[in-house]
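As written, the chain order gives the labels A, B, C, D and E, with residue 1 at the start of each chain.
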Amino acid sequence: MSDKPNIASLSGRKKVVSNKKMTFMEMIYLPAIIGGFGITLSHFFKKKVTLQYPEETKPRSEIYRGMHVLKRDDEGRERCTACGLCAISCPAEAITMIAAERKEEEMNLYREEKYASMYEINMLRCIFCGLCEEACPKEAIFLTDRIVSSDLHRGDFIYGKDLLVEPVDQRIDISHRQTPEVLKFKLDKNQSHNS
Amino acid sequence: MSQYNRVDPPEGYSAPGFFATTLDKVVGLARKNSIWPLPFATSCCGIEFMATMGANYDLARFGSERLSFSPRQADLLMVMGTIAKKMGPIVNQVYEQMAEPRWVLAVGACASSGGIFDTYSVLQGIDKVVPVDVYVPGCPPRPEQILDGFMKIQELVGNESLRRRYSPEYRELLEKYGIK
Amino acid sequence: MEQQLIEDSLKERFSNDIVSFDESSDILTVTVEKTVVVGLIKFLKEDLGFNFLTDLCGIHYPQQELQLGVVYHLHNFLNNTRIRVKTFTSIDKPEIDTLTEIFSAANWMERETYDFFGIIFTNHPNLIRILNVEYLDYFPMRKEYPLEDQTRTDKDDRFFGR
Amino acid sequence: MDGTYILYKFILASAILLISLLVAMYSTLLERKVAAFFQDRLGPNRAGIFGIFQPLADGLKLFFKEEFMPGDADKFLYILGPSLTMMIALLTSAVIPWGNSLVIGGAEYSLQVADVNVGVLYVFAILSIGVYGIMIGGWASNNKYALIGAVRAASQMISYELAMSMTIIAIVMMSGSLSLKDMVEQQHGMNWNVWYQPLGFLIFLVCAFAECNRSPFDLPECETELIGGYHTEYSSMKLGFYLFAEYINMFISSAMIATLFFGGYNFPFMDDLHLSHNVITIIGSLVFFVKIAFFVFFFMWVRWTLPRFRYDQLMRLGWKSLLPLAIVNMIITGLVIMIKHHL
Amino acid sequence: MEHLGKEHILVRPEDYDKNFSTLNLGPTHPATHGIFQNILTMNGETIVDAEQTIGYIHRAFEKLAERRAFYQITTLTDRMNYCSSPINNIGWQMTVEKLLGVQTSKRIDYMRIIIMELSRISDHLICNSVIGVDSGALTGFVYVFQEREKIYEIYEEICGARLTTNLGRIGGFERDFTPLVLNKIREFIANLPKVIKQFENLLLRNRIFMDRTINVGGISAERALNYGFTGPCLRAAGVDYDVRIMNPYSSYNDFDFTIPVGTNGDTYDRFCVRQEEIWQSIKLVKNALENLPEGSYHMDVPEFYLPDKQEVYSKMESLIWHFKIVMGEVEVPVGEVYHSVEGGNGELGFYLVSDGGRTPYRLHFRRPCFVYYQAFPEMVKGSFLSDAILTMSSMNVIAGELDA
């Protein structure tokens, strides 16, 4: 057996698709060219699809993976317990945090006994893959459909807790990112200590 | 961290009582609306840039659909995608070849910081080789984000004094990158 | 073609130089001495119809005596069988004959393997680095070299064992 | 020669110069808008309403951009290139009859700067110098891409000039004059040359595209192959001149097509309207500009529809198809004229 | 060989006295779409020889893969052939499933087929429209890019990202197709033929385009096989090798589709083959949508597929599993597998050696365009500069895949 491939079909479903013979009409250029003019002209009068971006916006998908949010629970306590799973699962190594022990008087600030005293995401490193959201066992970090805006300084892209934690009065709804089972589970009053 | 990132705004621009001369304003306005980008697209972000150029987002609205593949004619170097160490000197050279005034937009995580590719072969951000004016995060950024970054550049361009590009601060900045 | 048949014909031809057969894996795997690997592949191509070099790559086992390996994947289009050929060489004198005479496709694959592992393919027409910068003074895919760019400034390694 | 005459010529020449520049300027915008519309986009619309200030912005920006001279460039030629291109592009407009004459105060003022009796030859002479600007620029840049672009431009120009002249000869045979004014006068009303010379028109059109270096014959610049072709190394206003000259050339070519084949400022039923001579002249001029505008649009339409030729295919088309066709066209015209003459 | 000035500009002394000139095509030439360099030796406009330099965006994927946990590698495969990243993602996930011995259900298979065929469409759309751009017809590109934008929207609805999707998980998908997704796909598939038809009318039988592409950059089947061609480039040469049929994965054998081939492997053949493959993909997506079975969107892969969130929140065992998976302390079989899928450019292979650890011991990607791009000098020798550019764009060299 030599280099020569089997000219017969390997798959039994072969179909030659390129036809290189030109008919006379194709030889004289004009019919195809005029046909092309027709196509472009039909688009000339079509409604334009352009989105005038800064003024008009297109709604992003509800599950769009944009800027992160650190959630608070219903009582306004931060959910994050600084377990570090998000940092480990991050392929870009963009997340850093420092864990701290919750003090007595901070009961209304943090949900768990351990919390992140410093939580930073380097938004320039981040690739918005969503693995941190998946890794979080505490419903603390979610990606949202907000986008991170561009900036002039590289240093300004390290987002700390001031930017990541959702404000108490402006909650961000992330329920559409969760499965129906989780949503059902969260309604269960008996399990409320967990969710 | 940010000291080597960006050309600082012209002295006194933000100071109270400053106002640009009419010529400055007019030229700024003209430049702002006629930024011809040099798309330095190496990877994924380049495809999103195509989407930005495409019908749905249409960068042309800002007067920038004339891509200048020749650096001489370009005003804005848009670096999109990973820049490996092998590529670094070339980015520098392309920047050097551009005629003043010139701006640099780093699009996407890789160009801005190396992104996910913290490896021996990838440059950790193009600000190691050229001065960057605006960074656009995202991997790759949405066309909206690229447009956002572009408008930031426009803002910068419109507010810049005519002469700034010949100022000693600017020269000093370029010298840091070994650009004469 | 039956695996057994291939195995038999290989055994018959290269009995002394075959280190092992491994049928447990997804593809029939043959490990051979590096001296015969080119001959074996030639035999596979010309007599057994493995007309397509799917892949060629290096591998590094620091704990073995023969640390560096090259793995070839061949494909017989007609019978739709694949075979994996492995060969190992010492790290001090990592030399293996080139496959470019038999498969043109091997050219860049071997250059890549050289670039990553420093395996020298003797008689290769143009064995220079392909992906990395030419002045790189080590072979980055060997296990002992670090992955990271050492100049990264925006990472804090104190956290979580990184 | 009295003062009024000089003043009138001066005004006319400046007006035409200004109009050419203005039209060319706004052609750049039109091109971008048309391209956008063909592609379902909106095109420039941030600089003023509909992007009306876009050309001004581009011009001003180019004007204030850094002058740049490649280190190894031939300094004199490098500057000469774009200047020549620009100058020559503007020269052609002198012989085109932009309208009939206006009668003011008993004196008749023609709307043509110079009714040269060899107008056609003048146009061709000027057009063929035009390529020197490109060649010189491409050579002086000392850049391989620019050089390839320049070489392509030169050979393209030579090949298509021939076929173009051959078609013109047919027209000249019909009109019996080399003056453009006479040619237009003969196409009075709907008596346009295009009805008698459809093949000639087609050949002329194709050649016009090639002469203007417009797609599908834009090989000298050819963005995806040669980056910028002959103007790769140019920046600031010198680049502006090159780009501008292209649009002026397009404008002039459209004017030539309209003049030679579509009756110039003539329009149908112009004699049936019973309007005064001056009004007819003004309408005629406007009609002429409409015709020009259509062809400018057509130039753009083609550019945004067709792929470009390859260098050798372009040559083949020029020498092996268009030139023989033009000769055949010429012979047939000659025969028909002869037969008519003897009947 | 001697270097003058910057290291990437090569001047060969032996060429000084010949009448050849060298032209440096790339790395930032507009036609290289991504970054690689060709130094062409030219005789006038004819190419005498070409020398390629690649590696300008070498990102060390393979080394990186040795330091990343299995589930993180989808983020790498995303960025390899970024025109059709879901194929890469799913190919990688199937490789791991093969290592684990997981058999996926029909529903997952069909969902995968839908996504992979959509990405094949988007890959071919971009490649063919870029051939149009490089031949000077920009408009067709803008038309088909609107369709690509719709594919992006579908991706966004499925996984939340447009281009680098990180789509799918080992053992299935991260979430189910919502009715909205299915609607969007149906709408897209219904509208696409019209646009493709229009695009074809613009180029396919236009003599200018045919002249530009026919007998340009051709390669014989024999040489193509020797060079390791796969995918549309091999099929254009007349060999109907397609992984989807030769080694059917993901239930591709449930579907009937033809393999388009060309005659002599030139640019026109490649264009036609890709164009026909788009039609076949449309058919496949339609069929898979119609026959999409009910069921779960993921398999039970305790080693990799994260437990349901409500269980993690409430049950200790699940929480521990969750931690183990994320930390990568799960039992992975020791062994090696080779799995390949039909990527946008051809056989995309994954050779995975596992030592049972958190990360692959060695992961080698068989990147189709890396293998076949080396034939470029042979394909363009003796042709014109313009031909070289069209050949280059019709080979669809994706720099991310080329340089790894």
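Heads up, the rule we're going with is that contacts are C-beta pairs under 8 Å (C-beta built on N, C-alpha and C of every residue); 3 or more make two chains touch, one makes a residue touch a chain.
What you are looking at is a predicted structure, and each value in this text was computed from that prediction instead of being measured.
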Note: chains that touch chain D and chain E both are A, B
Every chain in contact with both chain B and chain D is listed here as A, E
In terms of CA centroids, furthest away from chain D sits chain C
Heading the list of chain pairs by contact pairs is A-E
Taking each chain's centre as the mean of its CA atoms, chain C sits from chain D at a distance in Å of 63
Whole-Å distance, C-alpha centre of chain B to that of chain E, is 30
Chain B to chain C, mean C-alpha position gap in Å, rounds to 43
Expressed in whole Å, how far the mean CA point of chain A lies from that of chain C is 38
Residues in chain D with touches to at least two other chains are numbered 35, 38-42, 223, 227, 304-306
So chain C residues touching two or more other chains come to 51, 77, 131-133, 140, 147, 154-155
Where chain E touches two or more other chains at once, the residues are 7, 29-30, 55, 58, 60, 63-64, 75-76, 78, 139, 142-143, 146, 164, 202, 206, 208, 225-226, 239, 241, 246, 403
The residues of chain A that touch chain E in their complex are 3-5, 7, 9-11, 13-20, 22, 26-29, 32-33, 35-36, 39-40, 43, 49, 60-61, 63-65, 83, 85, 88-89, 91-92, 127-131, 134-135, 137, 139, 143, 178-179, 181-182, 184-185, 191, 194-195
In their shared complex, chain A is touched by residues of chain B numbered 1-2, 5-6, 55-58, 61, 109, 112-116, 118, 125, 127, 132-139, 141-145, 147-149, 151-152, 156
Contacts from chain A onto chain B in the complex sit at residues 48-54, 57, 91-93, 122-129, 147-157
The residues of chain D that touch chain E in their complex are 35, 38-41, 144-145, 148, 215-216, 218, 222-225, 227, 304-313
In the complex, the residues of chain E that touch chain B are 6-8, 27-30, 33-35, 55-60, 63-64, 75-76, 78-79, 82-83, 126, 142-143, 145-146, 148-149, 152, 162-164, 399-400, 403
